[in-house]
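Next up, some structures in structure tokens.
Shared between the two complexes below is subunit A, which pairs with subunit B and subunit C, respectively.
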Partner chain A sequence: MVKVSIVVTKRSRKSIATSTPVILLLSLLLGLVASYTLIWTFSKLDPISFFSTFYQTLISYTGLLEPLLFLTILGTAISIAFYGSFWNVGAEGQYVFGMLGAIYLVMFSPVSEVFLNGDSAANGVAKLLAVISGGLLGLLWSLIPGALKAYTRVSEVPVMLLMNYIAYSISDYLTAGPWKGRYTYGYIRTDMIPESSRLTVISGLEVLRYEVVIATIAVFAIAYLLIEYTRLGLEIKVLGSNPVALKSSGRNEKKTIILVSAISGFIAGLAGALRLLGYDYRLLYNIGDGKTGFYGYTAILVAWLSFKDLRFVIPSAIIVSALSSFGYRMQMFLKELLPPGVSAFAFSQIFIGTTLVVYSLARITKEYSVKLVVRE
Partner chain B sequence: MFFPSRQSFLRVVDVTKRFPGVLALDSVTLELYLSEIHSILGENGSGKSTLAKVIAGIYVPDRGYIEILGKPMKLLSPVDAVNYGIYYIPQNPNLVERLTVVENILIALKSYSAFARVSEVRSLIVEESQKIGSLIDPEAEVSELSYTQRQIVELVKASLLRARVLLVDEVTTYLPTSVREKFYSYLRKLKSENKIVLLITHKVSEAVDVADRITVMRSGRIVKTIEKAEFDVDYVRKLMFGENGYISEPPKNVLLKDLTTENRRAVVKLDRVWVISESRGYALKDIELSVKPGEILGVVGISGSGQRELAEVLVGLRSIRSGRYYVDGLDVTNRGPEAIRAAGIGFISETPLYHNLSGDLSLVENLALATYGKLFLPLKLLTAKTRELMEKYGIISTSPKTPVKVLSGGNIMRFTIARELEFAKKALIVLNPSRSLDEKFKWSFINTIKNISRSTDMSVIYISESLDEVLQVSDTVAVINGGRIVGVFSRESVEREVLEKLMVM
Partner chain C sequence: MIELLDWLIPTLASAYVVYTLTAIGSTVIERSGILNLAIDGLFVLSSSLAYAYAIYLSILLQPGVLATALSLLLTAVTTALLYSIYTALNTVLPVSQGAVGLSFMFIGYGLGAVVGNLGRVLFSLFRVRIEYISVTQNSVVFTYLLMVLAAVLVYLVLYKLKLGVLIRAVGEDPRLVSQIGINVAYVRFLSGLLGGVLIGIGGALFTLWRVGGWSQGQGLSHGWLAYAVSIAGWRYPPVIALVSVFFSLAYVLLPYLQSVGLPIEISIATPYVVSIVAMVFVSITHRRSVALLDPKSLGKTFFREEQA
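What follows is the complex of A and B.
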């Protein structure tokens, strides 16, 4: 009898073919081909429109910049957590809390006076405070699952997934209740934040804000320093790879879990604050209905693609923003070609999904060599 | 029908198996006859379990093969072995706690592609367990079963899989005496059914009482296979431990050395410490130990006597149920590793990738974990220090930035030793370091420890399964057996055979 068995062995040597950038690019290409094949079976879309649209998406990069920045900040937040095996799937909730923190400071706290009659220097300081208060609220929100994990060993994943919905509800409660706006033409939403509290548009590149660009660079640089050059960064990495070694070398495991959850939540909160002050300017009701752009969730994908290597957060963020932007563009073509009742939006999600599947499979070949062995 | 008195069923032919740093089996050849109880006897690390696992298809030999009824076989997995009627019963039963007995057995049958009706399995459980003398409820959840009952479930499994060769690995270690007798008579019954029982044990008395033939192993080699007529406890012991380990007379009484009355204060002191075991009961019972500055205390015992638990308690990884633990007079009972480590106590574990190091991180980062840098890591200094340690301890690694997991077992051990010797100031806890060290480095390590302890007044607790090492390194020797310290002696005043007797008692 012929037996076919799959032999999986751990790779002991590294090669260029299995390095992260090669796998990242390869899975992008394979993902594109696979999703084209899938789409073709339903719509008979010609390959030229498909691939030229992708090319168009890449060269008209301005559309990618805004999601790229937010996905980089959030991806960095989640990546740091992943280093410590703190599976932060709650960045969405922390992001919403960041928005709440910012809008509270700008409109409902004593600081709000500054924006109405302060000078520009005072405005600048107040804006910084608003961003930081967003970060702090994100931190508080993330500290709950962090402390639960540290002290009661409750898994952070289900806790955070549920807390995302609680965050949406709290935001909706405030938007429809105490923070409900007066000048909203009957819509349920907060009033717009004062002009003086908004972030600065970059002239010539209207999709960008100076503060967001600076914050992205700063967050990424500090995170990189933290992970590569500090004791805390080292302890986070050891927490993620061997918590027993962390303990037996005399370090406090609980403290490290709490710190990593706090840092991750703070950064996600910053992103929410920047979003509100730079783009949204107000809170909308039913925020869980796509009004966050689901950045907190999409960023999990970014962190996953760059798995435990902060350097790949930016390339991953580029790929993810390109794919989602490509997805929206493709909807135009597909609307015409798809049979009635099939959602073009669903198809736009295929790009991200297929790439992720291909990447996950390719990752296996990074660590292991897989061979088919036939024997009699 | 006529059976020749000896019908060969299985032969192990010239099998060699090497693990990183250890030659576990060295050209082993062994023949098993139908209808015999064959005991493999040896000290820990003699290779007896490895041999059983090779026969069971769990390990694939580097060289040599298994022959069944004269035909060479390739056993690449336990499933292959079960197909030839070979079944391995481990010391710790391999069962799913949350499932019932019947469910567990059905899972096992399924994984070996053997099928049986539920009702059949149920009645077999009742039947077989009665034969052994301890009735088991087939619908009981495994978590409710005692250790003995779990072993019986394993035996039922073997019977359902129609096993002809049963490999019984140190199964009786934890069985109470009354059950042990019933267990032996069950094995004899299997023998009468023309089956083969391979009884792996370190207990001379057990082998002599139960087996038809005994094969004695030492350091991965077969010393001799002897027939029932040659059985003699002293002779077998001599084969097992070598000429030096020959025991003539059991010790009359055990002298417990009183360390508390000595003038110098103990650096590390355990005061009547009890520790819960993961499986059942206590892993450590009423442990009293103390070690003074500059003293090397060897704790010796056969594997599974509580050494690992003792080390984990000393490092702070395991919680103490009752009793106190003092470091330098300071009570650190259940205060975690932080306080203990801060006092300057190093730890070298038998499993460094579990206890000491992060395999994913580099040598430099692992050194940093235990040593320098409060806020920022002085990477230049750390890299230079790593290079220095690599040089000094002969650690082979492509670069100081290589992830530790890529290194060989011996090199990982050397690095752990290097790092902990660098770190430890007050005391050093050592757990079975020699498992992955070669002979030469082992002795130089022992000398290093002795020198450091002499010159810096550092205390050492050297926990090991190897009596040779403990006798070589220690000022004071304690014997641990069944989670208890059964004797503490000064090195000069104790005979080797006294210790051996206590170890296997």
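What follows is the complex of A and C.
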């Protein structure tokens, strides 16, 4: 009888074939093939339309720039958490809380008066405060699962996924209640934030905002320095790889968990604040119905693809931006070939899921070699 | 008051059955050491599958009990197969269970939308009416008895049968089980089948009984609510069957707190708050019996060096 078995052994040498860039590209390709097969099962979609539309998505770079910036910030936030084995799947909620923090400062706090006076220097400072207040609310929201993990050992993953729904509800409550706008033509939403509080559009590249570009670069650079060159960064890495060592070296494990959750939540909150001040200008009702673009969820994929190596956050963010825009582009141009009625985000979810599963499989080849052995 | 009870008792029964079965299914999977982060996606997928199967079978046969029962069965089988792939994949290869779980979650959401919409297209072409499940006041007691029976059965499987002992053993120490010559992947494959059947039925009943229809995004987050029930019940079927009563009551009643003055948006969030509080409460309680503790190898990558 022929016996087929899968043999997995530890790899002793590294090779180019299993380096991160190769694995990333391979996962993207195989992930696309797998997604295509899944969708093809339920439709008449031909491979040429599918792959040429993906190519179109890639070269229409202006459409990718906006998601790329937000996914880079959020991906950085989640990656830092992953270094410390804090599985931040709650960036979506922290992002919403960032929006709340920003709109509160701009419209409902004493600072709001600054924007009516028109002094541009004061405006600039107030905008900065609004972004920071968004970061702080994100931080507070992330601190809850962080503290729960540190002190009660409850797993942060289900807690944060449930907390994302609570964040949506709180935002909806504020939008329909205390913060409900007066000039909304009967819609449930807040008023627009004053013009003077909005971020600056880059002329010639209308999808971009100066402040968002600067913030993305700053966040990424600071995060990189923090992880690679500071003692806290080292502690976070040790927390992720060997928490026992952290404890026995006299460091406070709980404090590190809480710090990593705070930093991660702060950055995710910044992203929400930038989104509100630069693009949305107001809160909409039923925010959980896709009005966040689900960036907080898609950024989880960015963090996985660049697993514990911040240098790969940006290439991963490019891949994920392309995958998430791809769903919308397919919906726009290939509608009659697709299974009917399915939302663009559902396609994006399929791309994200298959790419992630292929990547998780491909990544094991970095450390292990997998062989099929046939024995008589 | 009587009117409220007329509404409450059947509604509660449907919620109770859905969350209990799904939570017990998740328990079987996690007792074998596989982290079940796929649950919400596969719950959404199975609730969509049930709708598509029910429409298709109602056209093929004719609307009625048989079509509904068969769609329930087919959903259970499909979900069981998906879960057995999930648990085996997580064992055969040294992958990150968290990443694979979340991938399955995303794929489940996406495919759920595709499958459910296919059902909807069939519906718009043929206009068949699905025979949804409804339970009368008189027979509602049986559904509770049935759940107790299910909990007892799964308890017996997990704690009295050899298969269950193996499932729990690979959840504690897969390396040791492997060393005595038992195929860990096969045991986990079986736990995926058993757990998947239960989660599949839970998801199917969500559509065919609790909601009585399908819309895109249906079932989202309910997998996580069931997951919270499983953890709050210490991943122990009899306790799950008990605490699930309180959870279902909370999930069914809390959204109606708006009638006593709580804003609707906040009352919608209360089931999530209850779930988190319960999980925290359970994790700080002191558990003496090993049967109530978390499986030791839950979520850990299993790697067995082949001996030359």
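Here is the rule we go by: the second predicted complex is superposed on the first by the 342 of 376 C-alpha atoms of A that agree within 3 Å, B and C clash if a C-alpha of one lies under 4 Å from a C-alpha of the other, contacts with A are read in each partner's own complex, and residues count from 1 in each chain.
The rule is simple: contacts are C-beta pairs under 8 Å (C-beta built on N, C-alpha and C of every residue); 3 or more make two chains touch, one makes a residue touch a chain.
On a predicted model such as this, the values are computed, not experimentally measured, just so you know.
Applying the stated contact rule after C-alpha superposition, one finds that A:Pro315 touches neither subunit B nor subunit C. Using the contact criterion defined above for the overlaid structures, shared-chain residue A:Gly118 touches neither subunit B nor subunit C, since it reaches no partner.
With both structures placed on the common chain, the touch criterion links A:Ser360 to subunit C but leaves subunit B unconnected. Judged by the touch definition given at the top, the superposed model places A:Gly181 against neither subunit B nor subunit C.
For subunit A, the partner with contacts to more residues, out of subunit B and subunit C, is C. By the document's definition of touching, neither partner reaches A:Pro194: not subunit B, not subunit C.
Contact with subunit C, but none with subunit B, is seen for A:Ile6 once the two complexes are overlaid on the shared chain. When the two structures are aligned on the shared chain, A:Lys237 is found in touch with subunit B, with no touch to subunit C.
Shared contact residues of subunit A with subunit B and subunit C: none.
Interface residues of subunit A, counted against subunit B in their complex, comprise 12, 229-232, 234-235, 237-238, 241-242, 244-252.
Taken together, the subunit B residues at the contact with subunit A in this complex read 315-317, 336-338, 340-342, 347, 349, 353-361, 365, 368-370, 373-377, 379, 406.
Taken together, the subunit C residues at the contact with subunit A in this complex read 37, 40-41, 92-96, 98-100, 102-115, 117-118, 120-121, 216, 221, 224-225, 227-228, 231, 263, 265-266, 268-269, 272-273, 275-276, 279-280, 283-284, 303-306. Within the complex formed with subunit C, the subunit A residues making contact are 6-10, 38-39, 42, 87, 89, 148, 152-155, 157-159, 161-163, 165-166, 169-170, 172-173, 176-177, 300, 304, 339-343, 346-350, 352-354, 356-357, 359-361, 363-364, 367-368, 370.
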